[in-house]
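Structures follow.
In the two complexes that follow, chain A is the common piece, with chain B as its partner first and chain C second.
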Partner chain A sequence: MISQNNKYRLHAIKTIMERVSQTRFWGLGIFVTLAVSLAFSSVLLVNFSRFTETNLITVEKQPLTAPILLSVILISLYLSLTISLNVSREYSNNTIEMLFYGPVDESAYMLGNFFAQLKVFLYSLIGILVWLNLSIWLLNLDFRLDIFLMLGVSILMCGQWVAFGLLVASWGGKRRNTLVYFMLTILLIGGIQAGDFIAATLVQIQSPTATDPLVVARNVLSGINGLISWISPYSQLSSAFEAILENSTSGFLGNLVLMFVEMILMLASSILLLKKKGVRG
Partner chain B sequence: MIARMDIRPAWMRRVFLLIIVIVIMAVAAYSVAAQEELTFVYGTNHFNGAVFSSAFVPDSVDTFYLISDHISIVAGRLTRVYYWPLTNELKPDWDEANIVVEGELEILENDRIIQTIALTDYVIQYDARDRFGTTELFLGDAAVVARQNFEDLQKQYREDLAAYFQELNNYRQAFQAALAELQAGNITEDELPEPPEAQEDLSLFSTDLLMGFPVNLPDGNYTVQLRLPDGSIQPNSRKRLVVFSPIQEGIGYNVITEERWTVPEESKEANQIIYSLSGKKMYLEPFYQIQFNELFYTRLNNPQDTQARRDRNVWIPFEYVKDVMLEVNSAGSSKQIAMENYFVRQLTGSALGYEIMIHNPGSDRDVTFSGFAIDVDSPEMHIEVVDSGGNLLQYSQREIRVLNTSRSIWVYVLSGLPLLGGVAAVLMRRRSVDSGNLNGQKG
Partner chain C sequence: MSMIVTSDLTKKFGAFKAVDGLNLRIAQGESYGFLGPNGAGKTTTLSMLLGILTPTSGMVFIQGEQVRSDSFSLKRKIGVVAEYQTFYENMTAWEYVMFFARLYQAANAEKRAEMLFEQVNLMQWKDALISAFSTGMKKKLGFIRALVHSPDLLILDEPVSGLDPFGIIQVRSLLMTEKARGATLIISSHILSEVEKTTDRVGIISRGKLILEDTIDNIQRKVGDGERILFRFANQTPDILGKLSSLPFVIQVSQEEDEISVLTDGAKDYREDLGRYLVQNEWIPLEMKKHQTSLEEVYITISEQSLRTIQEDLETEDVPSD
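Our next item is the complex of A and B:
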């Protein structure tokens, strides 16, 4: 039996979820983001098509992997940033304090916002799925069930990003702080991952044991990236995609568990932080 | 001069002698030091899944790898090891020193000795015309016999070759004489002498009679150490040994088109799709391949490798598949394509290009490759290799699809569709605000 308190809390979560998700759907932002992410994904897909045209033959497991990865990441980033700014705005305007006089508490508030963004993401996935199927039909690609698995696992990745956005908002408090924290974290993690990729590409190793002046830089970046890949939703999602393509059940489940645990930890931390800091920041 | 030497003081002679003694001692000490510079290393002649390869295990490497349930040779050697900066590797100078360290190789599992292997003679031989089908490892007395047999064949080959050249020489002389007779009209062309039959090359390859420890273990993690005849353990001989087995076997394909003959694509996994263009002709050259863990297999062949990853697998191609058929299923129809031999000719003239044509058995040109020709005339085709008994070869299934590249521009158009949804949402919102029905409730 659900206690009366929990019943109120569930109601509060549902109300906040409906309110926030409707705000997203009423605005142009999510539609523009979806269109932009699909446009970028189209570039990748058309690039694959052009390559086959010039190369005459392409051997590929799933040419839709990169487009799916790119579109779900862009949408998740958008949802993470908007929820972060949304919460911090309520801090800045002190409207969050008014909310908490009613039946809303910290967990209801955070969970309501969290599920609202997930709901928006689920609707976006439908848009992506439509685009994927039409592209498959247009280009005569192979329709495989693995794209459902990829889209499914991306829900967890979005959950991580949204939980991260909530954590940054409850950590930063005011809007400007939140934006700075959010951007700095993204730039730091993204920069290291990009740096590692560039260094790994620049170091042209003829032999697997060869030396190069950039090897030290590459090894340092690779070491840091190795640590980051345990927490980066992007790394976890691409590992999960790789596991799907390699039919590696253990690799897939391992990434799934990692993503879920990280999402829960960030969500719980954001609630605890909000409780600790209070509604006045 | 003599007088001058005689007047050299005695202390100078002593110093001179002392210098000579010091120089002699330094040279002797250097020789001993040079001898001491020799390092104990392991060398392997290991089974790599199809044939034998060799690897060098320097002192700095604490683990080496072997394939399970096949005999591989591990040998303890003293040699000079040097650093090669270009590849950042330690390398052995076998020419300077290659001293077999006698003793017994002990295999330990959980610090308990499970096997003791004696030093054994061995020889690896194969026929160069069919290396994969004929590679054989001989051990002990069989190795001595095999090596002797090879040397006999070599000797016989040299004698036959000398006899052939002698016959060829005689033929040339006879031919010149016959040619003069022909020009004089004394004989006809039919009476010209026939050349001697060419000597067939000795295609058998053999290693020298070598010494090593034949290791044959099931999957597992072990420790090896070399026990010397005096009962002690050879310093630096204790290493970890990882024995692993292949993950699976399958069929891979080289996917070839005329235009890209020199750079074929490879399809190694059954879930890979081969995308091509409508109306193209492609050639598939099937080969046997074995899948291994990337780290294990790479370090099997190069224990100093630092790049391979434990969480990845790798397909290793071995031998081309012969005497099989390709079954092609498309749009409800099924057909079998026979394997053909092909000859690839580079186009003459200034334009670049190649022409792939069926090899004429009577031609003196060699076969360039054997495979299946497929006309890409259906949007979707499924292929698989079957043997002469009609049995499907494992992991030989592939899908071939024709990519509609002309429609790719429409993919961009599709990506704009969400904007229509956005505009619709904004219009709906305005209508709701105007009618006071925001959030679906009457105001």
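Our next item is the complex of A and C:
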């Protein structure tokens, strides 16, 4: 039985969700991101098609995996950044305080924003689905039901990114801080992965001794990278896709649980952080 | 029944006590003026009433329920006009009000909003973007947002600042309508003439402490130096000042040009006694009026320097005699 207070909370979530998602649809950003991601995905698919034609060999079970992965990641990144900026702008402009004078609390505010982005993502999935069917038809690919499963699991990955955006916004507070924190986190992760790759390549070329600083650096970077890969939404989604293609139910469910837990943890942290900091910008 | 009760409400920011053991009791349907110099703790108190700030100690109850940030059912009954209001500037005024009406689940929202837009003369601007609004128009829009759900409690922080005289009259009329509807009003303002016109009772806060709380009449009597009655005579006899001074309730008599000012002890309205006395002595006044100390004069009297003394005096005066 839902208490009256929770009924009001649900109503607040719904109202905020509608306003934020409307704002997203009024802007061009989501349509541009969708178009760009599908354009890149088309390039990937055309390259695959040419490779198959030239070599007369198919190396992938599901050639649509990479295009799906690319488009859902780009859209999720866009939704994560926009919600982060949206919340921090409300904080900077103090419009968040106007909301909190009324029947809104930290959880209703964060969840309203969270579901608004997921709603936009779901609409984007329709666009991706249309593009996938068009590609299957144009390139005469095998239509497989697993693309629905892939798109379904990508909703969780988008949830992780949006929760991450909300967490950064409640951590940063003001707009500039939030943007800096968001970019720094992405660059740091990207930098560690690139550093790991470079260090591994150099170790291969130079074959140094085990005590060489290069080897130590490579081991450290590799360890951190392993951790990042474990918590990275991209790695988890990629593993989930592999599990789908290999019909591994346990692998699929394992990744699903990991993604869900991580999303909930980030979402709960963002709510608690906002509660701790207060809404006065 | 009390609409608001605060019990030993305290808010500290580090070592600084912004609000210090505040005890308020505001009745349902009452219009309460909350006064105090800058930094006295008014806005902090209002923020705690709204659950925006958590008290360091003490409690806030609205309609008997303790206020928290997630008190959804309570917050639906409150309307707020903040001193510095911010808006979603990319929305039209109508969209903005309707968004808040949905949030508060306001009944008959469209009809009510139309009435409010008409009342503050913003109807012709309802479909304009808020970014095009002037400060005064935004202030009025803030009132519409605060009132669209017909709140039981209205919290107003500097409600008329930024408004032109016509705007002030419109807002005053709006507040009177809300009061007549049964809403409780808390008005924090520096424009004391406005507080005087719209409130039944005022509380004066300084350094986080409530130092004085009463009806405006009582405060004027307590803080003002008695009551002053002014006369104008056609012909004055030279001994009139001396005769008036000899009356037991008269503290002081002075004359400025053709006006005589009689300062009484203020225990009651002495106009009738004085009138009778003058007629008995065949001094017929052309004009007699009571000079009321304005809230502004009272406020100035209660300056920061004399706050402590007044508090002590009043505490002594208020001790009940057995």
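Please note the rule applied: the second predicted complex is superposed on the first by the 251 of 281 C-alpha atoms of A that agree within 3 Å, B and C clash if a C-alpha of one lies under 4 Å from a C-alpha of the other, contacts with A are read in each partner's own complex, and residues count from 1 in each chain.
We adopt the following convention: a contact is a pair of C-beta atoms (placed from the backbone, for glycine too) under 8 Å apart; a residue touches a chain by one contact, two chains touch by 3 or more.
Note that the coordinates shown come from a computational prediction; the quantities given were computed from them, not determined experimentally.
Asker: Clash or fit: what happens to chain B and chain C when chain A is overlaid?
Answerer: fit
Asker: Touching A:100, do we find chain B (first), chain C (second), both, or neither?
Answerer: In the superposition, A:100 touches chain C alone.
Asker: Where does A:11 make contact in the superposed view: on chain B (first), on chain C (second), on both, or on neither?
Answerer: Second partner only.
Asker: For A:250, decide between first (touching chain B), second (touching chain C), both and neither.
Answerer: A:250 contacts neither chain B nor chain C.
Asker: With both structures fitted on chain A, tell me whether chain B or chain C touches more of chain A's residues.
Answerer: Touched residues of chain A are more numerous for B.
Asker: Give one of first, second, both or neither to describe whether A:278 is in contact with chain B, with chain C, with both, or with none.
Answerer: In the superposition, A:278 touches chain C alone.
Asker: Once both structures are overlaid, what angle do chain B and chain C make about chain A, taking C-alpha centres and a multiple of 10 degrees?
Answerer: Computed angle, apex chain A: 160 degrees.
Asker: Using the superposition on chain A described above, determine whether A:25 touches chain B (first), chain C (second), both, or neither.
Answerer: Only chain B is touched by A:25; chain C is not.
Asker: Could you grab the smallest C-alpha gap between chain B and chain C in the overlay, to the nearest Å?
Answerer: Comparing every C-alpha of chain B with every C-alpha of chain C, the smallest gap is 5 Å.
Asker: Could you list which residues of chain A make contact with chain B in one structure and with chain C in the other?
Answerer: 19
Asker: Mind listing the chain C positions that touch chain A in their complex?
Answerer: Residue list for chain C touching chain A: 47, 50-53, 69-73, 75-76, 78, 80, 82, 84-88, 90, 99-100, 102-105, 145.
Asker: Mind pulling up the chain B residues that touch chain A in the complex?
Answerer: 85-89, 255, 257, 259-260, 265-267, 269, 271-277, 280, 282, 298, 302, 304-308, 311, 313, 379-380, 399, 401-405, 407-412, 414-419, 421-423, 425-426, 429, 439
Asker: For the complex, which residues does chain A have touching chain B?
Answerer: 19, 22, 25-28, 30-32, 34-35, 38-39, 41-42, 45-46, 49-50, 52-53, 55-61, 63, 127, 130-131, 134-135, 138-142, 205-211, 245-247, 251
Asker: Using the touch definition up top, name the residues of chain A that touch chain C in the complex.
Answerer: 4-5, 8-9, 11-12, 15-16, 18-19, 23, 93-95, 97-107, 275, 278-280
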